[in-house]
Every structure is written in structure tokens, then in C-alpha cells.
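First chain A sits with chain B, and in the next complex the same chain sits with chain C.
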Partner chain A sequence: MSTIEISHLSKAYGKVQAVNDLSLQVPQGSVYGLLGPNGAGKTTVFKCMLGLAGFSGSVRYDGEPLVPATFERIAYVPERSVLYEWMTAAEHVEMNRRAFESFEPARAYELLAQFEIDPRKRCRALSKGMRTAVMVALAFARRAEVLILDEPTSGLDPINQRHVLSLIVNEAARGTSVIFSSHQIGQVERAAERIAVLEHGRLALEGLVDDLKADRKIVEGIFPDATSPLDGIVGDPRVARVDRAERIVRVLVLAGADDFATRLASAGASGVRILDLGLEDIFLYAVSPADATASLLPKAGS
Partner chain B sequence: MAYVEWLRVWRCLKVTAIVLVVLEILLLIVRISFLTIGPGDSLSFVHGVENDPNSHVTHVTLPDGTGRTIIDNPKDSVHIVVDDRGYQGKRIQIIESGAHASKESHHTVAMGDIHVETRPNGGQTITTIDTGQPEDFGYYFAIAAVVGLIIASVLGAPFARENDGHLEIALTKPVTRERLALSAIGADLAGILAAWALTIVFLIVGHTIFEMPHYVFGPYDAIGLVLGLVSCAAWYAMLCAATSSIKRAYGAVIGFAWPVAVLVAVLGKVDLSGTQLGQVVHAIVTPLAWIDPLTYVHLGRGVIVNGSPAGTAHSAPTYDVIVLAILAVVYLALAIVQWRRVEA
Partner chain C sequence: MPAVLTVDSRSGVPIYLQIIEQIKRSVALGVLQAGEQLPTVKQLALDLTVNPNTVARAYRDLERDSVIETAPGRGSFVRGDGAVDSARSAAADVARDALTVALREAKAVGLSRDEVRELIDVSLERWFPEER
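The block that comes next holds the complex of A and B.
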């Protein structure tokens, strides 16, 4: 079983820095969610992890660099269909049987049946979601030690999305290390123990989902007017950001939510309350532009 | 990737076989529909003399079963003997004298199993046409090479096909890229060889539908065989090298490769030194012609006139084979080196 270590990974396409000095670790038997807006660099990270693109830094599996033999232990589902459209699903199964010792054709056919895919059909006749399902079936029939899944539920209906999440969790329970990306943050929240949020190729946030949710709170209050000063709150190191929409002020705090609630009330806010954050809120706060907070700050002399 | 390439080759061979079988059926239909068709029957001259009211025609059957037709036309001083050996072919001897006698010296022309000999004999000219002579494989190898070149073009972009959206499959297998590349190349070359062999079988069957061929295999045939196969390999290798690093539009590259390579090969052999522009074109085309496989491709020894191959295109076939083999190896190495650097 494998631990994945990514150290100082950087990748540029011409002048565009797709990934910038990324370091993270996927512990063995864990499910790791990689989040980020479009173009954040998630797919590039996966390609670098698989040696499909050149990069600087290092990627190690159980402390060893990637070599061709490592692929016997790694299964990958790309974000878009890479299936050969002129081949049938059954021929893809056969191709994998010949390529990987660990591949279990019976398991692949079982998964295809669960996704209600006729293996005799050519891939060009399958819908986008069905092609994703074929790739998922092929990957999960590998009994791999590492699963790298780039949006593995893309195009799937809600039932099959749930099925894929169950497969991911079951594989992790077997000791497989899973790293996956998804724009469905609810899915990531259900399946992943740990997440990383990428923003413009940089690591914007990383940690255990439960810790991130437990630490971060929103303290919200309604002020008598839109220009009430927030002295002592904006500069506090425990404050991640302050959003102000007319008279409503929302403060994202990393700790001491009760203290900030008291301070908002003292500053004249009414209806002060502390809100728990979901992963989606945490994600959105992590990837919102930095100047969004600055623009909300009271102007000097006001 | 090798499995995928084998599937591609298999599909390509299936289509090739279907086309060849359809052609074979058409030949059979032609044979059945026009039973009298054959090389001798195309000699309208013989029929013209036979149907002339001044001709005296005699039919006899020789002890070996050969049907002999003797045509005498004293008016035109023509004497023809046609030995029809049925499935074994025909032998026609035409003796012309007087004003019809040719002034040409002795010469022979051989094309396949049709051998024509003309020789003066006093005031006469004796022309012998034999359609049942031993036949070399040169034509078969030439036609098979053309089919092989077409199949090489169809299969000639294995890496570009992978680059076009399938690298995530190809490059996440527990083998090196070099091994992947070599296995794909091996599958394609085997496919080209199989298509070549299918064509040879098709030609043998097609010929046999019309008459019993008498094959001989000589040194020219050995060179024709090797030259045909190596030219297919070199052409395939060149297409691989030209497309191995591109991800799209490889079909256009292959499509343009034919006219460009033919043009370069032709211009490389034409004397363009007459004008200044011609010299410039020659200076550009000559080095390109060196690396163009089609420059070294020819269709075997072709028509034999007076015992020697007609034309000058293949004065050094062994040299052509060696150059084509070198080009094949260099182009394939270049293709692999380029493909190693392609990123998904």
C-alpha cells in the first residue's frame, strides 16, 4: 500500500504557471479531495503525478519515484474520456487484462453491469456519463494501491455518482490511497477525509475536512448603518476575512468565534450569531479574490 | 497500446481482405461470363486473318490434346499456327513474308507469362507469341508493394493517434515508452506484411482463374520481393517520424505526404539545370529526394526487352534496398525519440 508525497511540484506551460510549488501528502488508505476552480491546476497535478507531463519537484509513491513498474499499482481516471471510440467496452477490458497483472476482468464486467453498460457496445455509442462509468469500472477493477481520479463522477447521474463515492470509500477501507478531484463539493465532503484547495496553481488551503469545519466559523451581525467601524476586528490574526454587504457584516474567523461575537455586539451590532461552515463555504472563501476582503474594509477616516 | 494497434491492424486487414475478395469475385464473374477471354483472344489481327475470305483455316487436335488452328492466307502472305493448350495458354506463330515482313532485327519482349519474339528469317518475319511461358513474381511483388504502401499510409501514424486523446491510457501502463513504441511498430509492420501476402495470394488466385500460371523465382524476384517490403517499411517509418509529435491533423500530413513525396522523387530525377530557376529547384529538391523513400521505389524489372529490363529506374536495386532499409531504421528511431518527449 502506498503513501503519495508531492514536494515542491511546479509546472509551467510557456509563461503560464499551472502549478506553483505544491507540496502535499496523501496518507495510505485515505481519501484526499483536490478542489479548485476551473484552471486551478488540478488536472495538471494529476498529470505530473503520473509522469504524463514534465515538472520540477518530486512525486514519490512509498518513498520511491515513479517508474513504469509503478503503474502496476496505480489506476487513473482522467477528467475526459480517453477511451478508443471505435473499440467496445469489452475490448477495453481485454486491453487492461493484457496490460496489468492486477486487473480482474470479472470485477470489471460486474462494475459495468452495475452501471448498466453493455460491454459489446462501441464507446462512440455511449453517452458522456457512460464513458466515465467505463473508465471508473476499468480503474476499480485493477485493485490498485493508488487511485487517481480526476472528476470521476463527471456526467454521471446522481445514482451512479453515489455509487462511485461508495466505491471510493470502500477502496480506501481496503487500504487504497485515493486522491480525487470534483466540482461537486458535497461529494468531496462526503468521501474525503482531507482536502487541498488549489487556486492559480498554488495551495490555498489544506487540511482534514473535520478540522477545517470545526475551526472556521462565520460571525454575523447587523449594524445600524453601513459605515460602522470594525476597529480591532479587521487586523486580528484570527480573522481570515471580513465581508460587508450594506449593514450586514460577516467575519470569517479561524478561532475564538464567541469572542468575536461579543466584540461585534459591543461595536453596536444586533442579531449577532455564529454560523457553522460547510465545505462549500470554506472552499468559496479560500478561492475568492483577496481584494474582495479589502474592498469591504472601512475607508480611512470614515 | 500493442493490443490497440493489433486491433487496428486486424480491422485494416479485414477491410483489405474484403476488397480483395470482392475483386476476386468480380474476376470470377468476368471469367464465367466471357469464357473465351484470354491473352490470345485479344489478338484481333489473328481473328482478322482467320475471318478473311481468302484464308484457309484448318483445325486439328494433336496427340497431347492441343487444339491446333492453321490459318493460311496466300493473298497476304501470312501463315499462322495457333496452338490452344486450353488452361495452359496459347502459342501463336505468325509467319509473314513479302510486303508484310518487318524490317526490324531480332528482338524479344517478355511481360509476365506472355513472351513475344520477333525474328527475321530470310525474306520472312516470324513472330511467336506464347502465353504459357514461365512467369516470374515481379509483377505480383510490385502490385503487392503498392498495396503495402497504401496499408502503410493507413497505419502510418500510430503515435499521433495515441497523442490525439489517448496518451493517458498508453502511458499509464507498466512498460517503458520505448517498448510501447516498438510493440506498436511491430504490430503495424506485421500488418503491412500480412496485407502484402494477402495481395500475393489474391493475384495467384486471380491469375489461376484465367489460366494455369507457371511460376519461376529468379534473382530479380528476390530483389523485387525485398525491395517491395523494405519500401513499405521505409514509407511507414517516414510517416511515423512525420507525425509522432503532433496531436491533431495527422491525417492531413499523411494525405499530403503522397503528392509531396512523389513530386520530390520525380523532380529529383529530372534534369533541371537548363534554367536558373531549375537549378534553384534542383538544389532544394535533391537533398529532399535523398531522404524520400519513393525515390528508391520502383516496380521491379517490369517489361523485359531483348533480355534486359526496360527503362533505367532500377539500375542498382541492391543499393536501393540498402538505402531504404537505412531510411526505415533512421525514421523509426526518430519517431520514437520524438514520441518520448510528447506530454499528455
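The block that comes next holds the complex of A and C.
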């Protein structure tokens, strides 16, 4: 059983700072979602966690640094297929059986069957989604203590996407620590307990999904005119941004939505209401510059 | 356990609160009876495809609110004493909040006190015809 602890992780490729002073912890038995726009550094974080890339800072599993023996405890699904084109899925099962003591061939065949993959087919004959499924089957047959999954549902149909999520939940219930990335925010929202949002290699946001949703709200009000002062709102540390479109003011608050609703009303706003935010909105606000208001404004009201 | 428990993961309402609210409502409505066993944390997590820790958090809060009790090794059960009362009061809280939101909205769109009173009278007539 393992707790993953990443502290002050930095990694540069030449002049490009791919990961910049990243610290986060994945508690044992939890599912951690890593979100970020393309190129934010998610895959680099995973490579550092696996020792596949040199880095500064530290990655520890149960307090221990990564050593060759640690690999026996970690299973990894890479973003791109690493399957050998000329080999069958069954041959990959055999290869993994030889490589890892903890590998369970029967479990691998069971998972392949669940994904309806013929193990006798050569990988070159498999679609992108089926290759993903083969890699998921191989990783989950390891019964590892740590699962690192880079886009483990890419190319899969919705049924198999949901199946992968079930497998993740099942592993977490057994005590496995799971960290996964996905552009499908709805999946992360469902399966992950905690999330981190990366932007340009830096941590833009981190927390429990349920707490982020409970705390972060949009408070909206309509003011008598477009220049009404927003006393007691602008400048408060709990206000993350204020968007103004003519008389409509939308305030993104990090906490205390009820309090701000009252303040907006006292400042002269009518039609004050509090809007819930799904993880997709929370993510978009976290990675959007504060002045990019126009595109976000209509959405909050829909 | 009723199979009606669902979560809307895309909603802005935290998943653990959705679970709590539905279980309280089921107890208040008698769909879940005193002494009835709830699914295990793992089972419910798998049924809903949500994180086991999220379900565990909901169960902890339900225990704190005296709606369920957990016997180590045996599972979680709807409490025999007071579960219905606490679940009812929780369900009443939900209704009260909804009413507050509705009244605030009515004020926001400019309805007068008399107009709101008329709306409420019509609703009372419809839903509480026996209590005149």
C-alpha cells in the first residue's frame, strides 16, 4: 500500500520548463485526477514519477524514493501505445508475466474478454481504442499498489470508458492509489476524489472535488447601471474574479457565496442568485486569464 | 436498498451531498426502513462509479446525523431510533431552502407581496386540500 508524495518537482526540456515546482500528495487508496490543457506537463509528471525522466525535487512512495524494486509495485498506462505491432495481446500477456512477479495472466485474459478483444489478434490489427484497452488490461492485471494512468480512456467508446472507471473505483476500494489524467472532465469528476489542475507546468488548482464544488460559486446580480461601485466585493481575498457585462455582474467566489449574495444586494443589485459550478467550469476558470471574460459570461447563465 | 440512488456527477452539488440527501429522503419516505441494511461503501461506490472515499464521507455524515449506524464487520444500517425524525427534519430543510430560493426569485423578478401570497394560496389549495 502506498502514499505518493511529490515535492518541488521541476523538469526542464532545454529552455522549456515542463514542470515547475510541483508538490502534491496522493493518499493511499484514493483516486487522484490530473487535469490540464495540452502541453501543461501531465505526461512529464508521470514520467518523472516513474523515473523515466531526470528531474529535481523528489517523488516518494510511502516515504521511500524510487528504486528499481519500486517498479514491481507500480503499473503504468502510457498515453501512447507501447504495444509491439507484430505481437498478439496474448504474447504481451506472456511478456508481462515474465517481467512482473505480481502479474496475473488469468486476470489479464478476463479483462481482455470484458473489452471484447481477441487475444490472438496482432496489435497492428487493433484500433486505437482497443490498444488502449489492451494496455489497461495489462496494467490492471498487475494488482499493483500504485496505478499511473495517462489518458486511460482515450479512443474508447462510452461503454468501455465507463468500464475503465469502474475498474479504477474497484482498485481504489482495494487500497490501490490511483493517479490518472483525462481530458474527459466528466470522468475525473465522477471517479476522482482529489484533483490538481496544471497549467504551464505549475499547479493552478488543487483540492477535493466535492469541496471545490461546495465552495466555488458564481454570485450574480443586476445593478442599476453599468458603473455602480462594487464596494465590499472587489479586493476581498475570497473573490477570484469579477466579470462585468453592462449591468450584470458575476463574481467568482472561492468561499462564502451566501455572504456575497447579501453584499451584492446591499450594494444595490437586484435579481441576486448563486450559481453552482461543475468541475468543467471550475477547471476553465482556473486556467483562463481573468480578463478573458466574454467567452465565459454566457455559459454561467445557461 | 432502493435502486433509485443516482448521482449527477456533472452537477455543481458535491456528490457526497447528493448521496446524503437521497438516503435521508428515502428514510423520510419510508423507502428505507429502520434496521434496513445499506450497501457497503465499496458496493455503492461500484454501483454509482464514484470514489469509495466519497461514499465513505457521506456515510460518516449520515452517522453523525443519527440516520445510520455502522457495526464494524457487519455493515451500515438505518437506525431504529430517531432516524426517521432526523431524516424528516433534513428533508424539511431541503423543502424550506427550495421555498426560500423561490421567494427570492419571485422578489427578484418583481412580484408584489400580494401576488406571491396568491401564488402560495393556489399551491396550498392544490397540495393541502384536506387541511382547510
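The criterion applied here is as follows: the second predicted complex is superposed on the first by the 284 of 302 C-alpha atoms of A that agree within 3 Å, B and C clash if a C-alpha of one lies under 4 Å from a C-alpha of the other, contacts with A are read in each partner's own complex, and residues count from 1 in each chain.
Heads up, the rule we're going with is that a residue touches a chain if its C-beta (ideal position, glycine included) is under 8 Å from a C-beta of that chain, and two chains touch if they have at least 3 such contacts.
Since the model is a prediction, treat every value here as computed from it, not as a measurement.
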| item | value |
| --- | --- |
| Partner chain in contact with A:Arg107 - chain B first, chain C second, else both or neither | neither |
| Touched partner set for A:Ala69, first chain B, second chain C, both or neither | first |
| Which superposed partner A:Arg60 touches (first chain B, second chain C, both, neither) | neither |
| More chain A residues in contact [chain B versus chain C] | C |
| Contacts of A:Glu193 with chain B and chain C, given as first, second, both or neither | second |
| First (chain B), second (chain C), both or neither touched by A:Glu91 | first |
| On chain A, positions contacted by chain B and by chain C | none |
| Complex contacts: residues of chain A adjacent to chain C | 29-31, 162, 165-166, 169-170, 172-173, 186, 189-193, 209-211, 213-214, 217, 270-273, 275-281 |
| Of all residues in chain C, those that touch chain A in their complex | 7, 9-17, 41-42, 45-46, 49-54, 57, 104-105, 108-109 |
| List of chain B residues in touch with chain A within their complex | 2-4, 7, 11, 165-169, 171-176, 343-344 |
| Footprint of chain B on chain A - complex, ascending | 47, 50-54, 68-72, 74, 76, 78, 80, 82-84, 86-87, 91, 94-95, 98-100 |
